[in-house]
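Notes for the one structure printed next.
Labels for the chains are A, B, C and D, by order of writing; each one numbers its residues from 1.
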Amino acid sequence: MIAPLKDIIPAERARSTSFNEASARTRLELLLDAGSFVEFIGPEQREVSPHLRIFDLPEQFDDGIVVGHGRLDGSPVFVAAQEGRFMGGAFGEVHGAKLTGLLRAAREIGSIPVLILFDTGGVRLQEANAGELAIAEIMRAVMEARIAGAKVIGLIGGRSGCYGGGGLIAGCCSALAVSEPGRIAVSGPEVIETNRGVEEFDSRDRALVWRTMGGKHRRLLGAADVFADDTVQDFREAALELLSLVGPFGLDGLRAEQARLADRLRSFGGCEDAVDIWTAEGIAHAERVPELSADLFIALANRIGRTSRDAR
Amino acid sequence: MTLDDVLASLFPDGHDVRNDEGVVLGSAVLRSGTGMLVVGIADRTALGIDEAIRLSGYVLESVGRDTGPILVLVDSDSQRMSKRDELLGLNEFLAHLAKVLIHADMNGRATIGLLYGHSAAGALLATGLATRVLVGLPGADPAVMDLPSMAKVTKLSMEALEEKAKSTPVFAPGLSNLARMGAVHMTWSSAVSLAGQMEALLADMPAVQDKRDALGKERGGRVKAVDIAERVRDLALQTR
Amino acid sequence: MSVIEKTAAVVTPSEARQSADAAAQIERREGAKVMTSWQTGRAARDARIAAGAGLAHGKIVEAKDATRLLEAVIRPGDRVCLEGDNQKQADLLSRALLAVDLSRVKDLHMVQSGVVLPEHLDLFDRGVAKRLDYAYSGPQSARIARMLFGGKIELGAVHTYLELFARYFIDLTPHVALIAAVSADREGNLYTGPNTEDTPTVVEATAFKDGVVIAQVNEIVEKVPRVDIPADRVQFIVESDKPFFVEPLFTRDPAAITEGQILTAMLAIKGIYAPYGVQRLNHGIGFSTAAIELLLPTFGERLGLKGLIATHFALNPHPALIPAIESGWVRQIHSFGSEVGMDEYIRARSDVYFTGPDGSLRSNRAFCQTAGLYACDMFIGSTLQIDLQGNSSTVTTSRIAGFGGAPNMGADARGRRHPSEPWLKAGAEADPDSPAPLRRGRKLVVQIGETFGDKNVPLFVEKLEAIELAEKLKLELAPVMIYGDDVTHIVTEEGLANLLLCRTAQEREQAIRGVAGYTDVGRRRDRNMVACLRERGVIRRPEDLGINPLDADRSLLAARSIKDLVRWSGGLYSPPSKFRNW
Amino acid sequence: MEDLNFQHRARARAGGTRQSAIVGVVASGNLEVLVERSLPDADCALEIKTAAVGFGEVWSAVIDDFVERYSPGGLKFSINDGGARPDTVSLRLAQAVRLIEGNGQ
């Protein structure tokens, strides 16, 4: 007989577990203080999508999102984690409503932050209208929660990325942490290729996809303030760091964001490719950025990367 | 209705609203004397980073100067689906526009969306769906997802999709479907003056609180959303 | 006896048909002594070269003249080897050949190992080529099946690589070879680089039997990094405007490896590699064998097997093997071809790989196939269908993927004479009663796979689709990848069947059914007989091997993503874009 | 979609005290298993909604073996299946039992 294979303590598990590869439930289990997670409307409640059966498609008991509360370094947090493998983590009616309800509670309480572990392709096609509207409600609820003083932190490193309306919700958050495999965009690579031709965007050129939408580019642009290596433990540390960094939301932040984005457009509006942007930012051998290890990249980003702190 | 028709009917006494390559910016005064900031996207223009930053900037500049409501006119394409827009962070530009509108609404500048043409996906989220009240005009044809694309992804025929669309408003394009979802609060008549309908709305503006899920339940379009959201909210509040 | 009859006796009928000018080479004296020329082939070759020389400066022909060159050199009915390996493709020359004037070049007999590019089949659609002898057609397997059914292709035979190479020297010698190299010097010395693959074999057969060799090269240089093909074997060089196409065929993304594949890999390591002490082996390209490669430094290490198993490989440079190499498991690897993105890693690990004086990999498909056949004690690979006798096939009625090298890897070499522990042990299991000095050993030929494949298609079938296909195409042989009598073990997630220990056809059938899971074949097992086989150790379940299926977890993989492989390689492995998520 | 239901008698009650557990995810070739301790000790029930129609016999065989091997008395299994292969089904069922028998995870 061989020794049992799983004799590792939780913190080590978090350090050795890829965030990208883990399920939504595993991400939460390892992100939060051990044993602290309590789910709201768990799978045993069987609150499934009422619409998938119209398309003869299988349902999932949690409709692809796990919401609840737990503790992070002892402090209470609300959490929501999308399961990117179920229908691409897409927003449907129930899926979206769970997150909306969580954010509304955060608004009322004001002091408990919300962590959203994005993993989504955007709107769920089979319930497109409900999904679109759910995203609109979530964007509104994020802003209301922030105005009420709650911090809303997005963690992006799942396999489905953070696309479509998910990208817009991420844009509403107080701050984002992103890992290298994480992607943030509105239109997906295939959609751009279909609309503009393979000459403009070859969706199968994954290096192109990642340097246009991937975590490193988003960090350098300042869309995300913290770059996490792809382990659950790194995301835990990133979440803690962001919670300590984020200030209150207000008009000044929006004005700063307007200036930040206008400056980006002025500075890089003529760039053809991410490498041109990185080069313009003064990075020598910018084409090598995708190859950099997490440590080296974080050092580079801390030196050269922009920030959206107090400007979002 | 065309943009000019809409503006003429809303502001029969004239207005100062310009359409610059699909980006609509300006202001007007209603007969009641209420001044309105007018922004929008016209001529079925795709909403990209260049358009979004102008719209958000225009609204932000008015903060502190103006106090009246903000009208968002919508006849757009989808978000602009290009490498350049995504490279530069289209999601941030669209979210920023939505945030500016939501912030204004919550700070005393009621926002009204007027959907008079097309819109879709990210463009609708950043404009009409980011307002407190979204009004539809007859003939508006929003489409979160068009049926041919859906047919491709779901591998169902157009006929099968159209058949399914008869029994549910949840996926098919169209103003009435969005209305049943609770996304479109009301549909005005184009036979009577829009100005009068606008005055009536402003006189009886719903509260700031987002009630679209309740509306969706009331209209039978989204039967679960409001209850699920309420239940999660209640459970979360108990942890306090 | 007339002159013509005598000629026909020397030359095969097909050669007589195609070499109209050969007849003119034969000197005839009416009513007097008959003189036969014995150098007609050389004369014909010289005539071909002369015809092409007008387009060349020295040996170099511009890319735009490639089609005219082929029209000048190739004759109707010629046997042509258009180098299509399973990785490297002479793509410029295949496009050039497709564009020839049909009044000058037609009805060719293509003798090439890989039918991979669409152009390879377009040749038949257009009438440039008529007859085909080949070995592998992976990406074109569906279209080639349609064309065979439609009569567009006159099929000689589907071969294994080694078999086709052998026939290049006996009865399928090319008149013209169109090959691909990385670079050439002005003399015509070629550097074929890491993807040398078939080139030396093709050139050997063509150049030394009066054929013409035309090479497309990525660049012409003053001095090639090393001489893979000497200049006097090459008649024409065409400089291509872009590098020849290479398919990354052996890259398996660890992210796609399933728990089921990990379980089968654990069973194979503990149930076969360990007890037989398999050190010299070849792996197939499936995910199950990739899982084995990635379990060596973790699961294998815990079992204390390092140095005892999997030390010498006949294997392409699989990226999935990087962690095992870096952990010191692997001593030596000889390769059929290379793999995209592995060049720098290989260069830095010359203790493990075969490299030239320039430092880059030297692969050679013919030698590596021979090594796999004679010097390896085990082949382990996946297949699409296995029948009740253990015959396996990757052919379905709509797809003919060819054989490639698996039948040579997965066959007992009857000519083998050197002993080794696994070989002798397997021989003894198969035939316990013969006296040891006279008993042949057996190569371990292992089929590994999950009982259901993609889209729930069962691995185990009562009758191979290959048989149906053979009936439809009126083939004398069904395209069987590995014959049942060569298979020694079958591993699935349900367990491991050791067919060496079966004494009757019935036992063999039940041993196969006994690991066939919930497929129809598996559910129709004789439960008592299967239980009995398990007691005898013919069938072994995970628990019989001390393996808990619940431990088959992805955390066991030494690398769980392509990125992990890059990290293991210290940044030396540079995967192609389609495998990246960064 | 096809609905399948199976009722079994189990030799013994499943171990542990946990009331419910969930494993897996609904995706192509994958499934989720929700297991709840809600039946009399000798009973076991499985409710399956599967996207792969016409595999009732295979399910039946998989579940027979599973019940025989793990004796999941008192447990109710609710399954949403995206067309998983039988070996994946067996694995998820076993994982579900391990999880509900363990003390948390």
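Just so we're on the same page, a contact is a pair of C-beta atoms (placed from the backbone, for glycine too) under 8 Å apart; a residue touches a chain by one contact, two chains touch by 3 or more.
Keep in mind it's a predicted model, so treat the numbers as computed, not measured.
**Q** Could you name the chain whose Cα mean is nearest to the mean of all protein Cα atoms here?
**A** Per-chain C-alpha centroids ranked by distance to the global centroid put A first.
**Q** Among the chain pairs here, which one is joined by the most contacts?
**A** Looking across every pairing, the one with the most contacts is A-B.
**Q** Roughly how far is chain B from chain C, centre to centre by C-alpha average, rounded to an integer in Å?
**A** Result: the chain centres lie 60 Å from each other.
**Q** Chain C to chain D: how many Å between their CA centres?
**A** One centre to the other, that is 43 Å.
**Q** So how far apart, in whole Å, are chain B and chain D when each is placed at the average of its C-alpha atoms?
**A** Here chain B and chain D have centroids separated by 46 Å.
**Q** Under the definition above, what is the set of chain D residues touching chain A in their complex?
**A** So the residues of chain D touching chain A come out as 1, 20, 22, 25-27, 30, 32, 34, 36, 49-51, 78, 80-82, 104-105.
**Q** Flag every residue of chain C that touches chain D in the complex, lowest number first.
**A** Residues of chain C touching chain D: 258-260, 450-452, 456, 493-494, 517-518, 523, 549-550, 552.
**Q** Show me the residue ranges of chain C that touch chain A in the complex, using the header's touch definition.
**A** Touching chain A from chain C are residues 255, 302-303, 546-547, 551, 553-556, 560-561, 563, 567, 571, 577-582.
**Q** Of all residues in chain A, which touch chain C in the complex?
**A** Residues 1-6, 16-18, 20-21, 180-181, 204-208, 210, 214, 216, 230, 290-291, 293.
**Q** Under the touch definition given earlier, write down the residues of chain A that touch chain D in their complex.
**A** 23, 25, 29, 35, 42-44, 46, 53, 56-61, 83, 85-86
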